[in-house]
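Below are two complexes that have chain A in common, paired first with chain B and then with chain C.
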Partner chain A sequence: MRTGRTARAGQYVALLAYLVFLAFPFLWLISTAFKPPRELGSLHPTWIPRDPTLANFRQAFDEQPLLHAALNSLIAALGAALVAVLLATPMAYVMARHRTRLARAATGWVIVSQAFPLVLVIIPLFLVLKNLRLINSMPGLITVYVVWALPFALWMLVGYVRAVPPELEEAAAVDGAGRLRTLVSVTAPLLAPGIVATAMFAFVTAWNEFFFALVLLKTPEKQTLPVILTHFIGAEGVADLGPLAAAAFLATLPSLVVFALIQRRITGGMLTGAVKN
Partner chain B sequence: MTSVTEAQKAVRPAPGGKERRGVMDRGAWFLVLPALIPILVLSVGPLLYGIALSLTDAQSGRTRPTQWIGTLNFTDLLHDTLFWESFRIGLVWAVGVTVPQFLLALGLALLLNEDLRLRWLARALAIVPWAMPEVVVGVMWRLVYNPDAGILNETIRDLGLGDGRDWLSGLGTALPAVVVVGIWAGLPTTTVALLAGLQNTPRELHEAAAVDGAGAWRRFRTVTWPALRPVALSITALNLIWNFNSFALVYVLTSGGPGGRTRLPMLFAYEEAFRYGQFGYAAAMGCVMVALISILLALFLVGRLRGGDEA
Partner chain C sequence: MRTRLLLGCLALVLLLAGCSDGGDFAGGRITLRFQSLAWQEESVQANEELVKEWNASHPDVKVEYVQGSWDGVHDQLLTSFEGGEAPDIIHDASDDLADFAYGGYLADLTDLLPARLKSDIPQRSWETATFGDGIYGVPFLQEPRVLVANAKWLKQAGVRIPTPERPWSWAEFRAITERLSGDGRYGVAWPLKEPVSATLNLSLSSGGRLFHRDADGKVTVRFGADDEVMPRTVHDQVNADRSASPTTLGSGGSDTLPGFFGGRYAMVPLGFSYRQQIVQQAPKGFDWQVLPAPAGADGLTQGVSPQTLSIAEDSPHKREAAEFIDFLLRPDNMVRLALGDWMLPTGTEALKDPALHTTENDWATGTALATHLRSAPAQSVRGYPEWKDKIATPAFQEYYSGAIGLDELRDRLEEDGNLVLARYQR
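Right, the complex of A and B next:
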């Protein structure tokens, strides 16, 4: 379609405004992370640190158990991703291939579960986990994360299963392959990229999660990165800006990398999800 | 799946509806249960337990046994002006974030659907807010809003618009300031969803309309919007609900202050439950929130159905 020159110029101005709006807080975070205390205290801050330093990173690691928190986050996120995908894949397969009442109910649950205020679920879970002595423990947190990730994992996986033509499975069946054989040797390989994308999405969600971690993890040596980050902000809301920025920047990198890898697949999943349901 | 009979083949609907109807066999149940049991036990279960708790005087760290008190928590809630104030703030926040965000995202999606040079950069950058932990988004904007060392006030000073202010601590500025952060944080998701919807719009239809002499606005109204409507409604409904229930962002930015001006319902309920130990009362708040959200969702679904089944 032809677009007039003024219209084109307007489009570029709008695009530029969008890029600035998207980028400027992030650039400011990076800039702050590399500034020495003297520049952070100045009343006229600059975009580019005049005297860039890594001192904030060192101080951040000194002040809070960042490395340990990163390890906790990693365990929680990996555990949640693996278990969620392992449980969700078989069910998603059935939901995609059989149009039963259960499949409909499960799809409905995905939407409904998004509507809960988490506080209504966390209070009972807190009481149950407390009785099981799973407060302040990784297994407890992972359990909560798995259940929390399941609906969305199901939703994504159903889309991926639907993209695998049933004709392929039927052909294998005609060739005499049993059901399990068909699933393992025909369906699973075609589904693998979708399963990986779903697992990575569950990983990022758990890595970024804050509310459950805040409620369930009591001691600093058990806490995940997002919770530890809030310790940099003091009781009166006064923050040591440099180390805070440094730690925040580090906490973002892993999810940024994973997300960059799967972003296209998620978009595809959202598209099929939004259109087919 | 092992036997596909001719009869089944015959009743199978035309392309588009490939699912098989009928009862699930035992093998299928075997596949379903590993996910179904955790969902029922750890999701549906706590939900019902939570509703039950809302009818009790459950508190943390108390020796006296918990008692049924009927709807007392709910009648208390009715008179709790702080709760209704937080509810009002929650609605202002949810609508204040969702509506501008949708309009911006719609414009952006239309923009990114065009052949523009910097499109790749916009798409690449869009990952940043999307992938960031909410806590980090909050931290980041605290740095931007910082009264002395923040870039916002410095820009205001550079432009000669005054000295700037302490945005997050001002009674009048705190809520608008956090709303801007909310818009920023969810803009990419909404944009990408709408963009995905746009790319589903048949291009030929657009071109045919252009050949027929339809202007840009008319093409949008008659071709683009009808195709986009289902996606737009779904994402808006979800955004309203997510925003109403959000917690981490505002917790990090203001902790609900100043003077409760940004105390969203979730922050209020969190404090009641985990700072003051009022489990029963907080559960009742959760119930009221679910009820009102359900009404909202129902209204949206009705709107979607009335628009016909374009999907």
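Right, the complex of A and C next:
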């Protein structure tokens, strides 16, 4: 009994240490965002700013179009998440339910395609988008994000589809439901947590993406937040640290909010009790 | 259902059509895209104001200011060049131009630039952007590496304060840093996260060249006695004298500032433009000053990679782009850009401006060093980036930290390094 308590206490301590480790960069970012320049250069930095200021936020907003860039990022990320899920869900269903050689080969290709480095694909991709007149356009960027997120989204969703017992679909068919009805009324609700998790993955991937946005968007009014954030960084990595931290803090908020909103949907046990034994 | 699907597809097509780019011409007049990497508030402001002034006085040639980013600029430009979408006027650093120049992406400016601009910028600066027989960029801003010093500490220690006219020798510098050290405090903190360019550029002062071009044009690495002076000084300060902090060897310039402000280091070798960060972040009353870097057999000579303005080879309006560059780099305008970036202009007329000779923030000390700046030794060497990343950076890092000796450093730079360079020169 005592051993069990000790083990559990150890687990909690380890968990707490891990949470602190994960939270440290974000908490430090918040602290930095509120520090005046002279505190940023202190040899003995403090967690709580001695002389907190909003000047970094003011400067960040004065110097760069942060709100407009955030809106661009939001459109790109939401668009990518929506399209990725719409495309990946039926594809994943087919790959999970019909285990043919073609489906296996497709799964293999999906995994291999994750290994391509960005620099390898960017020039051909740029030329393709140019021919489609999609350079410097939000649909072009969304298309790239969808293509980039699709393999992993597909791989995620295949796992979720396989977790839905085929017996449920068979039972629905026995009860007279057609193929489409079965998919919409039986399978889709059970897949919802997986779809939400996949959408979240695609959203965060697109929200944080820098390189494609840097290369594909030419005009300032189209640029996304990660690109705008680099405008606070000079040659050889010199940075305007206060405004950069303030802008980066604001840039992380939407991801946190989205996570907070859908967390229950991801972790909720939607399949619990779905099959009667 | 099918109708809904068709309507959805139609909406998507309309959306794509509506959001695509409109093109580079507006009302028949010429539009030039100028991608600037200015990032500091004053610098961006100076650039934007100059673009406005140009547009106001040139109704037929409109310049569109595009804010670029130092982060990822090489890959971004390479993609733009390959895709035929590069900006007409390109801001970059001279050490990034070689691949673009040899790749045919940049216009040769030899016959495009006016005589005024050509003669205003010294030949030693033009060499930083000359590749083969062509000039592929206009060098316009540069910064020497200087010693930023805790003035009070140096004064209390009673050491001789160096000037551009009477700088410290490397040996004197080593002796002084040893004298300033003790009780957990160091005479100097070398921020050598990127050790290669700092080492090569400062080694010019003692005649170090490292890269030697043979009669057939091939470049080989030879690490001779002249190349040893600067790295040996740093190595000995860290490992023998304990007068240089070992912890800052892996740090960038900004990372060393808290220790400098906190009284842990008497001096930090930094780029001249770091003065802006020091002005912003130094504690009130902190007394600092700019000193010239130590001098060797070749005096205060050091290598630099200036910021440059280039024109894309694919630009249909090269003549107009060159006229805009000429406007942007008129002496008065060059001074505005230099002040905005806390750097030195390359133009001889701009360098005479009284604003760059004030004692405030030690502008005068830096300006006095301008005539000693030369092209960074490696920037025209093909294969240099790979040599730097795979061979030289780890070798210098290990040498400075004391993990390997000078002979091992020489062997790696020469033997392994020449194998890398040879691949680029077959």
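Throughout what follows, the second predicted complex is superposed on the first by the 217 of 277 C-alpha atoms of A that agree within 3 Å, B and C clash if a C-alpha of one lies under 4 Å from a C-alpha of the other, contacts with A are read in each partner's own complex, and residues count from 1 in each chain.
Quick note on the criterion: a contact is a pair of C-beta atoms (placed from the backbone, for glycine too) under 8 Å apart; a residue touches a chain by one contact, two chains touch by 3 or more.
In this text the structure is predicted, and so the values were computed from the model without any measurement.
Shared-chain residue A:Ile48: touches no atom of chain B or chain C. When the shared chain is aligned, chain B comes close enough to touch A:Leu22, but chain C does not. When the two structures are aligned on the shared chain, A:Pro37 is found in touch with chain C, with no touch to chain B.
For chain A, the partner touching the most residues, choosing from chain B and chain C, is B. In the superposition on chain A, contact of A:Arg99 is made with chain B only, not with chain C. In the superposition on the C-alpha atoms of chain A, the part of chain A touched by chain B in one complex and by chain C in the other spans residues 40-45, 119, 122-123, 127, 210-211, 215, 230, 232-233, 237, 239, 241.
Chain A contributes residues 37-38, 40-45, 59, 63, 119, 122-123, 126-127, 130, 132-140, 210-211, 214-215, 218-220, 223, 227, 230-241 to its touches with chain C in the complex.
Contacts from chain A toward chain B in the complex involve residues 1, 3, 11-12, 14-16, 18-19, 21-26, 28-29, 32, 40-45, 47, 86-88, 90-91, 93-94, 96-100, 102-103, 106, 109, 111, 113-125, 127-128, 143-144, 146-147, 150-151, 154, 162, 165-166, 169-170, 173, 178-179, 182, 204, 207-211, 215, 225-226, 229-230, 232-233, 237, 239, 241, 244-245, 248, 251-252, 255-256, 258-260, 263, 267-268, 270-271, 274-277. By the touch rule above, chain B contacts chain A in their complex via residues 1-4, 18-24, 27-28, 30-32, 34-36, 38-39, 42-43, 45-47, 49-51, 53, 58, 107-108, 111, 114, 116-119, 121-122, 124-136, 139-144, 146, 148-151, 154, 157, 184, 187-188, 192-193, 195-197, 199-200, 206-207, 210, 230-231, 234-235, 238, 241-242, 245, 247-248, 251-252, 255, 257, 265-266, 269-270, 273-274, 279, 282-283, 285-287, 289-290, 293-294, 297, 311.
On the side of chain C, the complex with chain A involves touching residues 15-16, 19-21, 33, 37, 39-41, 44, 66-67, 69-72, 75-76, 78-80, 82-85, 87, 93, 194, 252-254, 257-259, 261-264, 271, 273-274, 277, 280-284, 307.
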